[in-house]
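Here subunit A shows up in two complexes: once beside subunit B, once beside subunit C.
Up next, the complex of A and B:
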């Protein structure tokens, strides 16, 4: 399904009412995006202007001063947080794509005992609130001495715990014609070769969608890092920002906004370049965010 | 073979811990000493002696009951406006979706705190019209509403799902209804809503479960306290405080299981009642 064509169900209206709709939509977008623009603008204003022209989204003079103050506002600078977040997010993407595509291939194509039973269980874990596993997992990682390392945040991703991605990939794999694997089997290909040479190359769009969502969700994750990372040197950007709120951020509005803007940049870049992929991913699978 | 990573994860990180937390919920456990069996004492305390539990239940319930219907209403309303074959659909859709994508981050929670602070954007704006607003985030009467607004602001992803659903409705149904003289309102009630019930059902379930799990915005806006006066004490926040603030792991496990049961009952109830109001093509 392409989402960008003129909608089939779309109804044509007279120019007058369509103008009114445009006016309403423009107004709504402006109201919705104003806070974001305001944050962006405030991060470039100087202290005095934040208070003098608080509401404006057009700074009269542009300065990067807030960024400088924010970057070094804590005992650990923000480049450490960005590095930590990048490492965790990239490893999570790899883990998710590899482990979930393997599981999805098994569910979509392989014959094994109790396949439907395991598939139902896998879907069941989608509904299970993470609270149920939270405390024993914490105890487990504590005994493994993994607290204060990135392992509790990354290793589970290599075990395909994000059932959403498995489901997404199963849906996609089922759409690939079976004749292709039958033909490959005739030519003597085993399941690994079929997975590697046929399924993966044909499912690049869904892999990209899973990778991007996986990156964004890991980047934004707050709860797990909050529990597992206690040492400021191991903080992710989300934890760093939170620490900044609690320290100087209360008084230094501009620096706080500057750092907030920076933490949003990677997500925003993905949005700009891949928004069609993201929107189609949501429209076809109904993913949550 | 292909299933090995998932099977390992399922047993080690999902099934095992789920059962372990059920066992822990009948113990007292502080991470230092071995868990001590206390029978149903944790559950008894939850039911009878824990005012904060009821407080957090109430806050979470209010949040769900206010944010989910409003968010879905906005999502559907905007989706219907976008579905009129207007120009620039991809642009509008992307703009409305942006908050959903950014919304889960700490930065947005920080922004929200500043929007609704005493000297925040909203009050500066109100001041231009001569009103003097309170500090919304630090007033127990309003703090929860700022979080509800934050949730509604992120109506983008249900909107996209509604938009995909609206496209599946055959155009000729509306034409036939128009010929029969049905008003737009009547068309909406008799055609759009019934045919959209599967999508509404899906969105409602996903959004409700998500709302039950909300944590980050309340944590940031209240600085981890759930304040002012416990007015933003979400259930997950309370569980976090018990587990990682006071190290009452047994009690927190019991709280987790209460939530699991509530979500399970809600989901089962929704599926059971769905056959009376959700319309599927036969």
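Up next, the complex of A and C:
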């Protein structure tokens, strides 16, 4: 009897504490998710109902009217904004992955003069706030006559300006055994072929990470497009969303929420598509360590 | 088949010199083993021949041509790495074909060579698998296969067996030796295992701290080590080194004092009297008197190892110096018992204070 009671008591205690932990976690998740759910619900509500019932999530009646209003409510329809955002984001992803991986390969594997100095300098740029370089950059792009085009938003991405991605990739490349490079060298590969045939295929997880972050950050970017894009026809979705909130006239919050929901869709899709590569991981089992 | 010449080859990393002027000739078709303890520079020397490390001074010639500034792939060399270094994202077939594809060889020729190499190494059924699906021994074969397909004039092996278990190691050792016989190509093999060196080599190069200590055929190194280091490195169990003093030495022989006894050794060169080291291999010591053998003194048994085929006795001489005796067959030697140790003067080595052999 006594030997029975002790483990049962212990088990009951652990079940109790685990229940408490789960309840706390569920509550925390709900708190985190609530604004998102509220926005989602509000996008299906009648305009008058959104602020009427305050914190309630469930609409009294479901309507897609806000989506219709939102899509066509501005002088330019939302498909233009989506197209603009997609072009900028996809070009940024390509630019970042290609240029940062090349720069990272150089820092990780190639010997050149002052390599450590340049690497430290590159890391130093991580600490430089965007706002500090904003005005000189704007002046530069103005003189290049690039303002009001997507060039200031896209071209720099092809020049390996994102130190964070370079650092991430350098760390990953350093983890790839150097003997693979040497074996490839014996097989007649130059640095380009080693990069293309050995390093890149083995680095899919880090490339996927860079692609995901790059896409999300560019898609969500508000500040830079706000500064460089002036015509509504060249707006990104984030700038489009702002147009619903009018300080002088009437703001259409229903349409804003509806379009905000749609704006989140590509980010989800992109994440779901690429996260598979994140999980796949690297197989270095050709090596014996 | 390639002839390799190293002419006073140096390697320096910044201020530190790790290879101190190595001179070496490797004849076509030879199987040469670089052997030495960790950090002796044997792998560095191999990587310099491969072209993976720059040569800081001196000349490397392959078939008479200077190779110092020729890129690795253009030297006609293939290398098998210690970690195998198979490309993890490629199938076995792709691993073998990669070097040939890089050289833009026609597809049909690549296929032919890969199939031929796979047949030699019996890895045909594995061609579609990725390296992670292979066992250690299979990976080793693929790594060797990758070297074979390139039909190099020179094979380099960098401790290729050190990651295999003991049984597989013996098996692969035989296979590599057979491969050398079948292909007849010059091979350079790096190992720290003197057994591998003794069993596989046509010629052994013993290295220590970036200096060649001795070059020779395995049995020459065993029978006539040039110095105390080589004597201690080649042979297992290790040669006994006993401190003694040299009374007199002429061109005919030497007379030494050991453990309070006098001992005359033939065939030693003249040297000044002073402290010397007597070297005698455990397998050359006996515990019973035999014709021509002289007594080294009595010893107290410490530990006895029964290996079945031989019995190894660890003992201490009266003056406290440890001595190892390897006896043929299964002997009944008790722990803590006393034995008398005898040696044949013809199998004894004398080393002077610098470690150099006094053998004439």
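The rule is simple: the second predicted complex is superposed on the first by the 241 of 289 C-alpha atoms of A that agree within 3 Å, B and C clash if a C-alpha of one lies under 4 Å from a C-alpha of the other, contacts with A are read in each partner's own complex, and residues count from 1 in each chain.
What we mean here is this: a contact is a pair of C-beta atoms (placed from the backbone, for glycine too) under 8 Å apart; a residue touches a chain by one contact, two chains touch by 3 or more.
Everything numeric in this text was worked out from a predicted model, so none of it was measured.
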Touched partner set for A:187, first subunit B, second subunit C, both or neither:
second
Does subunit A have more residues touched by subunit B or by subunit C?
B
Is A:179 in contact with subunit B, with subunit C, with both, or with neither (first, second, both, neither)?
second
For A:105, decide between first (touching subunit B), second (touching subunit C), both and neither.
first
Output check: A:195 vs subunit B and subunit C. Expected answer is one of first, second, both, neither. What do you get?
first
In the superposed arrangement, what residues of subunit A touch both subunit B and subunit C?
282-284, 286-289
Which residues, counting only subunit C, touch subunit A once they are in their complex?
50-52, 71-73, 77-79, 81-89, 95, 98-99, 102-103, 130-132, 136, 139, 146, 150, 163
Which of the residues in subunit A come into contact with subunit B in the complex?
1, 3-4, 6-13, 18, 21-22, 24-25, 28-29, 32-33, 35-36, 38-39, 54-55, 98-100, 102-103, 105-107, 110, 112, 118, 121-122, 125, 127-140, 142, 156, 158-161, 166, 191, 195, 216-217, 219-220, 222-223, 226-227, 238, 241-242, 245-246, 249, 253, 256-257, 259-261, 263-264, 267-268, 271, 275-276, 278-279, 282-284, 286-289
Could you pull out which subunit A residues touch subunit C in their complex?
177, 179-180, 182-189, 193, 197-198, 201-202, 282-289
So in the complex, the part of subunit B that touches subunit A is made up of which residues?
1-10, 12-14, 16-18, 20-21, 24, 31, 78, 81-90, 92-108, 110-115, 119, 121, 124-125, 128, 153-154, 157, 160-161, 163-164, 166-171, 174, 202-203, 206, 209-210, 212-213, 215-216, 219-220, 223, 236, 239-240, 243-244, 249, 252-253, 255-257, 259-260, 263-264, 267
